[in-house]
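What follows is chain A paired twice: with chain B in the first complex and chain C in the second.
Moving on, here comes the complex of A and B:
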């Protein structure tokens, strides 16, 4: 499967992500001959265990994440970052969890927007917002290089793409930039050949950054 | 030759006219050009008649001399001589005057041409070879038509040669002498390449030899040969990039095709039936070369694909769905033609070796601009360096120890890569 980098938006200190920035980013993609291809949407859910005895809560991981990805409609992914665990399951696991009442969804985030084709690259620009509200909490971008699947072999190409991209974006003087946070995939037991599990792990990393950014922004306001 | 107008009856009239024109004066500058041209034409015909008369007179004199030489003749010939002498002298005198008039009016020397009031007309011209051209520009036109035909032919030949040089560079070796410097150098270095090739060629005559040698020199490549139908089956069974578990699909297929998936260096097709060569660089690309006829070392098609691509469209004449491999395939087709044109026996080996130079496709920066990824202005696509030079490509650089600079150029050619936009004919 083609390799992909997931890049969160890092706003400058004292600023927050906004729809205006999303528009500017979109325009930048189009200026590089990007062709709009359709919509995309991914959902990430924070779970908390349903326990009769709350004192046991500390034995359960705090960040138990579940993720659904658009390119794998029949799968569901679980990530526990603290333990470096990632699991691919069938999407019916959600109904099972419901029926068992073992875990409850605490917070759900939507990543959604438009996707673009740039030759052999595919770009997705998305807003991050809680499921039941339209408030924009962050921006993410997915960059995919379609012809190859090896992380190592594609690294140079992706880095150069990022350089070209950051260069093009910097001309718009936006209050922030996209960052590339690379989790240690080997820790999660993932190999060089890219898979959706890699994507799930990247999102887990990204969402942590988005949340900390939002909290930092709120702290500044307060 | 001069026009022959025999009109002795009109001689007297002509003489009158000649006298008249004499009195009219030798110069004709006061008259308009058409009149001048008409006068010149008249004078020319007069001159022709006078010349005819002079000939007749000379004949008569000779006859009279002959008669006078006979023994029993009367005085007739004696009376003839003075008459004849007088008329001859008159004829010659007239001729001289007409000649002067013609000369003055520019018929014999084209001097009228330089006069500004000629109205574009030219005097009838007596050419050096004796031909009389009524209108000098007629000859000029004829000459120009001939000249322009030569020019047009020359331009057409030049255009054809340029196009031939551009699209079939390997045919340039046939040109001789009049080439510019780079062509001559190429010609010489091609000769060197051919010599080195022929030295090392002796052990690479069969498909097996070629593949074995290639495997030794390029350790990363996986080479497999197939019969043509077997390749179609394999291509269709190859997982497309959406499938995350290629091994499962392969295992399924293995059940039906036994050991086809084993990358055995000797190939799994019988050597005399091998029609498709697959060159696989894991995670980088897959190249398909077709041989025709099967079992030979004559490549007839080549195509590049993504390592994750699969489908029945994957064959030596197919096209990848990805832009990068699509453009490499176009370049490879030209390279194949070039290798076949330079030397057919080593074409397959050169082609396979050249294909292997793409193993650094996603890491080697452009030798001109120094970057890996660049936006191609014409295509509007971000691409890595797609071009690797194939002219003067020598697959035998490893064994060559010649101090010849052209060989060094070839070996450094192997290390070069260019973006489409960065590549120019001079590199």
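Moving on, here comes the complex of A and C:
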């Protein structure tokens, strides 16, 4: 499948992500002749262990995540980032986890917005918000290069596109920028050919950045 | 929902039935010893044998929850799911060019007066294919490996009032973890025959009837019973042996 980079929005110090920034970003895509191609939505869920003795919580992973992706509607992904572990399963694995009652969904984040076709690229711009809330916690962007599945072979093309994109966006003088955080996929047992497991690992990395950014912003306000 | 009839039937004169439970999370009920030259002889009734598969390997790693999780053991965990505890199994099919993994959750059996009266076990089952590091995931989540088994045999699928699957397999234990080459039979010379069929809550009565009917046809070669119910020595064993001995040759798989 095509190579994809998932880019979180890094706000400047003292600023936060906002819907206005999302609007500016989508306008920038459209100004580059991006053709709107529908909506997209991904969901990431944090799981916590259901323990009799809460003092044992440290013995269980705190970063156990589940992910559903729009391009794989029948699949579900588990990530334990600290253990460099990613799993692809049928979506029925969620039913199994519910029945086991050993882990419970704590909070879910939605990544949703519009997607655009831009030549050989597909771009997705999305807000990050809790499932049952409109509160915006962050912004993400997916850049997908359709012709190539090899990460190494596509690297130069992706970097050049990103340079063009960042340059176009900078003209809007927004209080922040998108960053490329590339996890070490090899640590997760993933190879050079891109898969949805790579996407899940990227989102696990991105959400950590989003959370730390939100927490940093709250600390500044306090 | 899986209608499951574990079975066993001594089909040869002098054959015997072993009936044991390996642990609280798994049951291997009844094993019939079959002649090495005659695995299973189908009675002459119309069966559409859609496919036969060599189930070269299905390692069952029963994973049980760590004692620290809420609701793992005790009657409170059974709720309305009957007295049979639920379990999660990781199955690895080694017959494929690349080993494929399946996670299977088997819930408690249906309970109540209706369940007592029917001759089969009805249990909820949920399955999910998973990528190869599923065992590592469960370890990381705090699960403990309870046992590991190697099953080698054949699976038959056909339609007869329900989508019925019959597996005939030898069950082997591995003396060292994952050492399939060093597996030894749990009961040498005895194979496990299992008859299962998927059902929904709306049609399970029909599926139960179909499976029961099929099982009746297997008598006197096989006498099938509900899990947990010892079959003992089948009264028809002598008749079965006579039947086989009068048959010019069994139908080999």
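Here is the rule we use: the second predicted complex is superposed on the first by the 222 of 222 C-alpha atoms of A that agree within 3 Å, B and C clash if a C-alpha of one lies under 4 Å from a C-alpha of the other, contacts with A are read in each partner's own complex, and residues count from 1 in each chain.
One rule holds for everything that comes next: contacts are C-beta pairs under 8 Å (C-beta built on N, C-alpha and C of every residue); 3 or more make two chains touch, one makes a residue touch a chain.
Everything quoted here is computed from the prediction, not taken from an experiment.
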Just chain B (first), just chain C (second), both, or neither: which does A:14 touch?
neither
If we overlay the two complexes on their shared chain A, which of chain B and chain C does A:61 touch? Say first, second, both or neither.
second
Using the touch definition from the top, say if A:146 reaches chain B (first), chain C (second), both or neither.
first
Looking at the overlay, what does A:189 touch: chain B (first), chain C (second), both, or neither?
second
Once the shared chain is lined up, is A:38 touching chain B (first), chain C (second), both, or neither of them?
neither
Which chain A residues contact chain B in one complex and chain C in the other?
none
Which part of chain A faces chain B closely enough to touch in the complex?
1-2, 32-33, 118-121, 146-150, 152-154, 156-157, 160-161, 164, 192-193, 195-196
Which of the residues in chain B come into contact with chain A in the complex?
241-242, 244, 282-284, 306-308, 320, 322-325, 362-363, 371-373, 375, 379-384
In the complex, chain C residues that touch chain A:
65, 68-72, 86, 88, 103, 105, 107, 126-131, 133-134, 136-137, 140-143
Residue ranges of chain A in contact with chain C within the complex
49-53, 56, 59-61, 64, 78, 80, 83, 85-93, 95-96, 99-103, 189, 197
